[in-house]
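Both of the next two complexes hold chain A, though its partner changes from chain B to chain C.
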Partner chain A sequence: MKGANNRWLEQGDDALDRLIAERIDSPVPETPAPRPPRKRRVRTVHIPHALYLALALLLCLGIIGALMQTTARLPSFGNPDNPTNNEVSRRYLEQGLEETGAVNLVAGMILDYRAFDTLGESNVLFVAICAVIILLRLQQGEARPDDTAWEPRHDLILRTVGRLVVPLVLVFGIYVILNGHLSPGGGFSGGAVIGAGLILCRLAEGGERMGKVLSFRTFRALSTGALSFYALSKAYSFFTGANRLPSVITPGVPGRIFSAGLIPYLNIAVGLVVACTMYALFTLFRKGDL
Partner chain B sequence: MSLSNYEELAAIALFGIGLTLLILDRNLIKKIIGFSMSDAGIYLYLAARGYVEGRRPPIVENGVTDAAAYINPIPTGLVLTGIVVSVASSAVFLALAVRLYERYRTLNLDEITDRVRKEEE
Partner chain C sequence: MPLWQSIPFASVMLPLAGAAVTAALPPRASRRWAGALMAVVWGLSVGLIVCLLTGGGSFTYPMGHLGAPWGNELRAGPLEALLASLFSGVMLLSLLGGADKLREDLTPGRQPFYSVLLLLTLAALMAQVYTNDLFTAYVFVEIITLCGCGLIAARSGTGKSLSAAARYMVMNLIASALFLLGVILLYDLTGHLLMDPLRGAVQVLAADPARELPLTMVVALLCVSLAIKGALWPFHTWVPDAYSTATPTGAAVLSSLVCKAYLILLLKVLTRVITPEVLAAVQADQVLFLLGIAGMLMGSLHAIHQRELRRMIAWSSVAQVGYIFMGFGLRGGLGMGASVFHMVSHAVCKSMLFLAADALIRASEGHEALRNLRGAGHRAPLAGVCLSAGLLSLVGIPLLGGFVSKLNFVQAAIAAGGIREPIALAALAVSTLLHIFYCVRAVLLIWSQPEQPLTAPAPRIPWRAGLALGALLVLNLALGCLAPPVWTVIQSGLAVIG
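Our next item is the complex of A and B:
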C-alpha cells in the first residue's frame, strides 16, 4: 500500500514535472493577436475649387446678413436708455472711486472688482508663451535656419536712432504703467509699449548683447515672479478685505500716485508679464531662443 | 428696425471679411490674419455698444461720480481682456504654422492635409 502510494506519488511527480516542462517549453498561449488596424479609407472628397469658393462665400454672406439683420434691430447706438447701461455699470461708476480709489474707473474695475478675471487673462498670456516655447525653442542639436542672419549688423542709422528712441519708449511705458490708476493706460498697454521698446533695443544693439541682459532665466524669473505676486497679493486682499470687511489695504486719497490700494502694484506685475511676453515672442519667432 | 447702428454694422462687416478669409483661404498665414480681423470686428462691436452719446470716458474728472457723466466701462474692460487673449492665441497659431512649414515645406492647408493622410496610410 505504501509502495503503491509512493509509486503513484512518484508517477504523479513525474507527471507534474512533465506537465511543468511542457508548460515551460510550449510557447505561451497568446491572446489572439490584435487584428492589424483596418486601413481607414478616408475618402478625400475633392470638391471642385469653384464650387468650394461659391459655397463658402454663400455661407459667409449668410452669416453676415443674419448678423446685420440682428444688429439693425438692436437698440440704437449711443442711447443712454439702452439696456446695457444697467445697475452694474451705474454701481461701478458711482461707487468705484470711493471703493477702489482709482481715478481710472476701468482700472478700478478690472484690477479690483474683477481682479481674478485679469489674473486669468495674464495666465492665458503665460500659457500661450509656454506653448510657443514648447513649439519653437530649439532642442539641443536641432538646427533651424536662423533668421538673425538677415538682421542688420551694426547699422549706423538703426543704432543711433535706437539709442535716441529706446529710452524714451521705455520711460513712456513705465509712465503708462505707473499712472494706470490715474489716467488712461495700465499694465497691458504700458507692458506692450515696453515690449516694443525692448524689441527695438534688440534690433539696434544686436541679439548677443540683449541676450545677456534678458536671458531665458531672467525671463522665467520675471514672468513667474510677477504672476505669483499678483495671485498671492490678490488672494490676501480677498481673504482680508473683500465684501466690505475692514482691510489693511486702503484705497488712499484718490488722485495720488500711491493710492488705490493694490492697483498700482498689480499694474506693475501685469506690465512685467506683458513686456516679457512680447519680447520673448519676438525672439522665439526670430531665432528659437531668448 | 433702425439703420442708425452704423458703428455696429461696420464692425459686422469687418468680422465678416475676417470670417470669409478664415474659411475661404487655404494659406495658413492668411487664415490667421482673418482670425485677427474678425477679432477686431468683435472688439469694435463691443466698444460701440458701450458708448453713450455725449458722455466722457470713465475717468473721474473734478470728482464727478455721477453715472450720467461717463460711458459704460464694462465693454471696455471686456475688450481689454479680449485683445490679450487674441494676441496669445495668434502667437500659438503662428508657432504651429512655423512648425507645419518646417515639416511640410508649404503653408497650403490642402497640401498639408493630403500629405498627412498619405503618411498615415
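Our next item is the complex of A and C:
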C-alpha cells in the first residue's frame, strides 16, 4: 500500500487526481459513452526531478537573498526618526486614552480606531469554521467514524487534573477578556485561553457530556449572536461617527470596568467567537460533529 | 454628508452583518436571504453610480468616529460604484443560475453555510472595491481566500474538488503571505497604510537611491502576490482544477468575481500608491506586460488541448487574465481603462459560460467531455445560445462585449507606441486566432447533429437558471452594443482615482 502511494506521488499531480477520482469519485458508468474514446497521447513536458529541485532551490535562495538585502536597507529598528513614528502613532499615544477610554491602548487601537479591520479578522475565523463545517461535519446518513476505542476513557489522571485545571483556565480566560480594556489581553487572547480550556474539558470528560453542554446549536447561536452584535453595534458607531450624529457610546471614566465605550462588549463578542471556533475546529477534525 | 454617501458603508456592512445570521437559517431561506441581500446591494450600487455621475467626483467615508488616518476609511468614485454593481449583480445571477445544481451538489446541512460563504465573499468584494487602506485590503483578501476554498471544496462526494481546493489553498496562502510582507515593508518604509499619504511617501522613496531595492521589492511582492491570486500565467496552476470541479455557482463566482477583486486591488495599488511613473522606474511594467502576453498565449494554447468543456473554459480564464495584465503594462492612460473594461466584459461572459456549460452537461446525461456534448445545443437551446454567445465574445465577434474589449486593447496598444505597440498587436492577433480554434470548434460541436441520439429526454432548464442565463446574455449584448456609457464611467472613474 505504501509503495503504491509513493508510486502515485512520484508520477505527479495528474496521477494523484486520477487515483482520488478512481477511489472516491465516479462509479464507472454502466452505459457506454456515445462514442468510443479516441486513442490520443497526451503530450506534456516532463522536467527531470533533479533539475526541478535544483531550480526550485535556486529560486528560493534568490528570494531569500533579495529579502535579506532588503531588510538590511530598511530604517534601523528603534530609531526615533523612523517614518513609522509619525502623527498617527503620536496621536494614539497622546490622545488614545482620552478618545477611546481604554487604558490598554492596543485594545483602543484594534477595537476603536481600527475596529473595521478587527471586524474583518473575526469574520476570517467565522469563514474558516464555516468552510470546515462544510467539509467535515457529518451529514444525516453519513457513518460516524468509530474511534472510541482510541480515546482515553475514564483516564483517572486526565480526569482529575482536568477537574482541577479546567475551572482555573476558564476563569483566567474570562478575566483576560473582561479586563481587556484595562490590562494586556482582550478577546483574541482570552478567547484562545477559554478555547483551550474547553478542549481540555472535552478530552477529560468525553464527548457525550461535553456535547450536552456545547451542542452544535449552542455553538451556532453563540457564534452568530456574537458576530451579529459586533457588526450591528459597530455599524451604528461607524454611521453616527461618519455623519457626525450624537452617539450614545461614550468613553466613560478610564480605568473602570464599565468604561471605554463598546470595547469591553466587543472583547466579549470576539472572545466568544474565538473560543467557539477553536473548540469547534478541534472537535470537527476529530469527530465530524460537536 | 448626504445620505447617499453612506451607500459604500451599507454595501459592506449589510452582507457582513447578514452573513452571521444566515448560518442559523434553513437551506432554502438562507439562499433567499442571501439573494435578497445581493439584490439590495446591487440596487444601492446602481443608485450610487447615478448619484456620482450627477453629483460628480469622488468622496471618502470614515469607518469609525475618529476617521482616517487614525481609523479606517472607504473611498468611492464612479469606477468603484460600477464595479460594485457589477460584482453584486453577477453574484446574484450566479446564485440564481446555480441554485438548482447547488441543491443537488450540497447536502441540506451544508447549504446554509454555503450561503454564508457567498455573503461574506460579497462583503469582502465590496470592501476590496471601496477600501482606501492597504491593511483593510489585506484583511478582506484573507476572507475572500478562505471563502474561495469553501466554494471550491463544498461539492460533496467528489475527491477531485478536495484536491483542487488543497492546491488552491497552498498557492493562495503563499500569495497572502507575500502580500502581507509587501504591506509590512511599505509601512516600515513610509509609516502609512492609507493610500493617499502612501502615494506621496512612495514618491519621496523613489527619489532616494538608497531605498531603491526595498521599493523594488515592495512592488514585486505586491504585484506577484496579487498575480498569483488573480491567476496570471505562470502562477495559474490552481485554476483549471478549481474552476472545473466547483459547483456552477462557485465556479462562476470564483472566475468572474473573486479573481477580478484581486486585479482591482492591484489596479488601485498601481494607480493610487505606486504611480505609473514609479512602476516604470523600477521596470515592473515591462514584467507585467510580458507576463500578460505570455498568459494570453499559454492560456489559449492549453485551452485548445482540453477535452472537457469546463476545463477549456477555465483555461480560457488564464488567457483573459493575461489580457488584463497586458493592459496594466501598457504605458499611457488607455491601458488601464481597457483592462477595466475587459474585467467587466469577462465577468459577465465567464459566469454565463460556466452556467451554460453546466446546463449543457446536464442535458447530455452528465457527460463532461467535449466529444459527448455533440448536439447538446439542440437539447438545451437557451444554454446553447448562451454558450455560443459567450465563446464568440471571447473570440471578439462584434455586437458582443469581447469585441469592444479587444478594440480597446488595440487602441491602447497604438496609443502606447514604442516597441510595445507591435508586440501587443501581434500578441492580440495570435491570441485571437488561438481563441478561434477552441471557441469556434466548441460552438460548431454543440450545434452539430449527434451521431447517436440520447435515449432519455433532456431535462428542462429550471426557470431560475433560464432567467439568469437570459439576463447574462442581455448584459453581454448590452456591453457589446452600448459600450460608450460604460467606457465613460470607467474613464471618469480612472480620472478621479489617481
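By our rule, the second predicted complex is superposed on the first by the 232 of 290 C-alpha atoms of A that agree within 3 Å, B and C clash if a C-alpha of one lies under 4 Å from a C-alpha of the other, contacts with A are read in each partner's own complex, and residues count from 1 in each chain.
By our rule, a contact is a pair of C-beta atoms (placed from the backbone, for glycine too) under 8 Å apart; a residue touches a chain by one contact, two chains touch by 3 or more.
Every value quoted in this text rests on a predicted model; they were computed, and no experiment measured them.
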Kindly classify A:60 by the partners it touches after superposition: chain B alone (first), chain C alone (second), both, or neither? first
First (chain B), second (chain C), both or neither touched by A:285: first
For A:83 in the superposed arrangement: first (chain B), second (chain C), both or neither? second
Which of the two partners, first being chain B and second being chain C, lies in contact with A:188: first, second, both, or neither? first
By the touch definition at the top of the document, which applies to A:238: first (chain B), second (chain C), both, or neither? second
Touching A:136, do we find chain B (first), chain C (second), both, or neither? first
With both complexes overlaid on chain A, does A:74 touch chain B (first), chain C (second), both or neither? both
Touching A:215, do we find chain B (first), chain C (second), both, or neither? neither
Based on the superposed arrangement, let me know which partner A:124 touches: chain B (first), chain C (second), both, or neither? both
Shared chain A surface residues [contacts with chain B and with chain C]: 67, 73-74, 82, 84-85, 88, 92, 114, 117, 121, 124, 127-128, 131, 135
Residue numbers of chain C touching chain A in their complex, please. 1, 6, 9, 13, 16-17, 19-21, 23-24, 61-67, 69-72, 106-110, 113-114, 116-117, 120, 123-124, 127, 135-136, 139-140, 142-143, 146-147, 149-150, 153-154, 156-160, 162-163, 167, 181, 185, 187-192, 201, 210-211, 213-214, 217, 241, 365, 367, 369, 371-372, 374, 450-452, 454
Within the complex, which stretch of chain B touches chain A? 1-9, 12-13, 15-16, 19-20, 23-24, 48-55, 57-60, 63, 65-70, 72-77, 80-81, 83-85, 87-89, 91-92, 94-96, 98-99, 102, 114, 117, 120-121
In the complex, chain A residues that touch chain B: 39-40, 42, 44, 53, 56-57, 59-61, 63-64, 67-68, 71-74, 76-80, 82, 84-85, 88-90, 92-98, 103-106, 109-110, 114, 117-118, 121-122, 124-125, 127-129, 131-132, 135-136, 144, 183-184, 188, 254, 274, 281, 284-285
Partner chain C, residues of chain A touching it in the complex: 13, 16-17, 20-21, 23-25, 31, 33-35, 38, 66-67, 69-70, 73-75, 82-88, 91-92, 99, 112-117, 119-121, 123-124, 126-128, 130-131, 133-135, 137, 139-140, 220-221, 223-225, 227-228, 231-232, 235, 237-244, 247
